[in-house]
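Here chain A shows up in two complexes: once beside chain B, once beside chain C.
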Partner chain A sequence: MTFTIFLEQIINGLIIGSMYALIGSGIALVYGTMRVLNLAHGEFYMLGGYFVFFLAVTYGLPPFLAIPVAVVGTFFLGMLIQRMTIHYLLGKEGWMFSTIAATLGLSIVLQNAALLLFGEQFQSVPYYLDGMLEIAGIRIPYQRLLIFVVALGTIGVMTFVLKKTRLGWAIRATAQDRDAAAVVGIPAQRIYLITFGLAAALGAVAAAMLAPIYAINPWSGLPILLKGFVVVILGGLGSFPGAIAGGLLLGVVEAIGVQLTSSEWRDVIGFALMIAVIWWRPWGLFGKKA
Partner chain B sequence: MSEPLLTVENLNVLYGDYQVLWDVSMQARAGEIVAVLGPNGSGKSTVLKAIMGLAPAKSGRIMFEGRDITRVPTHEMVALGISMVLERRRLFSAMTVRENVLLGAYHRSAGKEAKSRLEWVEDLFPILAERRDQIAGRMSGGEQQMVAIARSLMSKPRLLLMDEPYLGLSPRIVKQIAGIIQRINQDGVAVIFNEQNVQLSFGLSNHGYLLEGGRVVLSGTGQEMIGSDVIRRVYLGV
Partner chain C sequence: MFQPVKPAQWLMVVAAVAAMIAVPLVTRDSYLLHVLILAMIFGIFASAWNLVAGFAGLKTFGHHAFFGIGAYVSALISIKAGLSPWLTIWIGALAATVAGVFIGLPILRIKSMAHVAIVTLGFAEIVRIVISNLQSVTRGELGLWGIRPFEGFDLPGFGTIVFSPADKVPYYYLALVLLLLSVAAIALLMRSRIGLSIIAMRDAEDAAESLGVNLTRKKLQVFAISAFLVGIAGAFYAHYISILTPNAAVGADLMILVIAMALVGGLSTFAGPLVGALILTGLVELLRDLDQFRLLVYGAMIILIVMFLPKGLMTLGPMLKRRFTPSSSS
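Let's look at the complex of A and B:
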């Protein structure tokens, strides 16, 4: 019996970890491509959550329609906000610090805009699927299985885009050497814009899947951002596959840790793991030593 | 005489407050090899970067095939027919050899011909086909330079800029690269390259420029320049 519970927790850890992976991979994509540490990444998660809430609850769209529309909407919103803010800082003197300050400011502005527009009440979205899967005494709600499937699908699509498409090649080339990319005809500014939009969209996918479990409110981005940071530090800052592995690992370690202690320790466990990694392997568990 | 392919007129380039190029003027004709010579810090790299749009011109004019390209952004140069091999290769080091080479044809203007160009560069550098799946960053310096040159040729340029193509390479590889530059040139591509070594520079070129402290102090044919007193003064301090 205890073993079953233990296994259930590990599976739960993987499921939550797949969401951490989505959030971390957005941060990693932006950092890896444009060397910008996006402190407003959590706010795109928050806005994505509101998008889903309004479409699915207020307007009553079915989830399979509401979620893609919300994700695409967040993609364009991300590009719009990038174009209006950090676009002007990139490449200018001191841009590495000015972009951190700008995204911090952006995060505060977006939180307060959400508070003003959507109010302070916590919103939630009903479960997309009811019922439970039961195999050999292990019980997994279909809702959580759906989370995992969507996360894997999204990661698969992103990997395909990065590896096999013209856009993906351009993103990877720009990330590795911006000048060399420009020389072969890749417009860095446009790549930065699209990358930022993609990262925001990844946040929105996570928000859509977690909306039935965690309430949406103007401040829901911050804890997500912190999780995302732990993930990218585990995986090696700027590495997309590292963020995926880091996310899954964090989910499982948290789940096991909570089993051994109690749920108040969840964040402590995550951050302790992060500090240990910074101590022993500052380039990340899956990153390469610079 | 035919219209020059590239004309640089009174080019001034500053990095911050520091002026690197002072009223630099030079020319390259179609099918020519031009050497830009100069000691360290003379600004010879900056000339090439300015032509490619990687170093912004403060004043002056750069004309290519009768068109003012002074303010054209770098990523549009390949579409006009200019390509560049950057200093120290600058490959996409985590990507494979094949990916690096194909990225040379990234621009839509080159996309259609990518396949036939790939065959052409693989014929020029057989090693590209042999090592197509190797990660570029793990190759030797000379092999990387071949990948970098192949990448730059994928867009079918009429003008190729090569920033220190011999830097850090063994004499044997240098000879090989020099042969390749000649072969590229025989295919009708004009080449402008820079180099510190006098013999290396003028052995290959039709025409050369000597830079000192960011100014052109001498220009002429290779033979004229090798015998020049100015060369002796700049290099030997006599």
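Let's look at the complex of A and C:
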């Protein structure tokens, strides 16, 4: 293996890792704010993918229009589903487990509803950009470059929202201390609703960017959810910046691991890394010990 | 849980066991017996999961790993080494126990429920992918077939017992024996010192620890016993069904089904997982013609149960009784 190919794989790992980061940050946002482990997060990714598919392929909207509509649609769908289920469980006896169980149920329902409505065939979306970038023998398709740019942009916007806007302050205040936040007039329930919607929307952004590479089908959420879980364990569960770092790290480790073994072991490498981290630093590679 | 068993409860247990023993005497319908055998396998699985998730309060989502390990280890050893399934099911269960200790050690030090859920789920995925990828040994997704059935033996008074697909009765009684032993083991465990300690640590972890309950060791013991029981269930399943695929033996669907069973019946009760296993296995068969709705119904059931009946069907009786009996001045 030449050094160029190796470098190309690392860059590809970073690009896929940026998508893992988006997925992980959605899980981290929900967990960090409301302490809910969302097992249905992968299904928002899956539904976001179908949104994009129907808008861009079935109705032929241009991607730069179809993707924002799909992301906003998934945002509202996420809020609707949160309001109908998790909303009623939060704060009730045993809510830590009941919310996990409820999102497990949700995940199965959404998966099978998608199967009934959209069928089991694999759908795909054409590339948004054609052609390749070539620098010093390293070739990167523009499509993949676009993935990375959109991921960085989304993370940038989210960071700005969380750090610099009143909504972001409210989300972070609720995450730190719900009761203290309530004292200064922050409605926790509404914050939870919006946070859940934002996480779903993050999933939809990832789905939109990956739709041309990975096929969309009713089961495409589960593998993505598991990737997201590895990411949040690496980064420290509930930490937004940790999820970004964890995602990029997982992408690169997988790329190197696949070079050393073969692609069928890709998922095992990620999970093994996760278990090693749990042994060694349960609070995450980038988090602080609680 | 630590009150002495009331006579009425003993009567219920005896009646239930008698009814289970009587079924093959009444009907030899092999389809009905098959459904009941599956219900008993799932009954062991769900009870063992309940031991960890309900009684000990460790919410794991990866117990299907132990089912698959028990099934594949027992099946492979009986095929490759030519050993009797009567011996290999215990080896399979021990392998599941070792795996349980391996994954139990890191997660038991963690108090966060979310971490435990994620790591156990990830561990089960590793097991599934490894079984699926090691095609030269397990035949991967093609399925491991030709698994030996249990050898027959002579039982005084009954003649020769033969385990064959044609006659489900011997399997039925073997499954019943395993189920009764498992439930008895769990019941005895919960009434022992260990049982007291794990309930104490579930309900007040810090208090229990300050009184000198060694949390990690107790939890690990319970986790290992649970993995052993699930391993036995898996090993029996392998030699009963005689074909294994990674998805059927270690798929996430299996775990979903078992969690649904325990939740529907009632977490943290002895009878709940058994009742849930019977109801849901029956439901699977009823919905066989509507296969595309099957998982949809499970999912909806899990959501509805946690939202409206969080303690499961086993609490429905007392709840209705309270509502419809005029309350005395209490």
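Basically, the second predicted complex is superposed on the first by the 289 of 290 C-alpha atoms of A that agree within 3 Å, B and C clash if a C-alpha of one lies under 4 Å from a C-alpha of the other, contacts with A are read in each partner's own complex, and residues count from 1 in each chain.
Keep in mind that, in the parts below, a contact is a pair of C-beta atoms (placed from the backbone, for glycine too) under 8 Å apart; a residue touches a chain by one contact, two chains touch by 3 or more.
Here the structure is a predicted model, which is why all the values come from computation and not from measurement.
Participant: Have a look at where A:Q111 lands relative to chain B and chain C in the superposition and call it first, second, both or neither.
Facilitator: After superposing on A, A:Q111 lies in contact with chain C but is clear of chain B.
Participant: Name the contact category of A:L65: first (chain B only), second (chain C only), both, or neither.
Facilitator: neither
Participant: Kindly classify A:L7 by the partners it touches after superposition: chain B alone (first), chain C alone (second), both, or neither?
Facilitator: neither
Participant: Of the two partner chains, chain B (first) and chain C (second), which one does A:I186 touch, if any: first, second, both, or neither?
Facilitator: first
Participant: Give one of first, second, both or neither to describe whether A:A170 is in contact with chain B, with chain C, with both, or with none.
Facilitator: The answer is first: A:A170 touches chain B but not chain C.
Participant: Going by the contact rule stated at the top, is it chain B or chain C that touches a larger number of residues on chain A?
Facilitator: Of chain B and chain C, the partner in contact with more residues of chain A is C.
Participant: What is the contact status of A:L152 with respect to chain B (first) and chain C (second): first, second, both, or neither?
Facilitator: neither
Participant: Quick check for you: in the superposed arrangement, does A:L133 touch first (chain B), second (chain C), both or neither?
Facilitator: After superposition on chain A, A:L133 lies in contact with neither partner.
Participant: Quick check on the superposed pair: does A:V268 touch chain B, chain C, both, or neither? Answer first, second, both or neither.
Facilitator: Only chain C; A:V268 stays clear of chain B.
Participant: Where on chain A is chain B touching in the complex?
Facilitator: On the chain A side, the touching residues are 166, 169-170, 172-173, 176-177, 179-188.
Participant: What does chain B use to touch chain A in their complex?
Facilitator: 52-54, 73-79, 83-84, 86, 90-95, 99, 102-104, 106-107, 109-110, 151-152, 154-155
Participant: Taking the complex as given, what residues does chain A use to touch chain C?
Facilitator: Of all residues in chain A, those touching chain C are 31, 35, 37, 39, 85, 88-89, 92-94, 96-98, 100-102, 104-109, 111-113, 115-116, 222, 226, 229-230, 232-233, 237, 264-265, 267-268, 271-272, 274-275, 278-279, 282.
Participant: Using the touch definition up top, name the residues of chain C that touch chain A in the complex.
Facilitator: Residues in contact with chain A: 59, 61, 103, 106-107, 109-110, 112-115, 117-119, 121-123, 125-126, 129-130, 133, 252, 256, 259, 263, 292-293, 295-296, 298-303, 306-307, 310.
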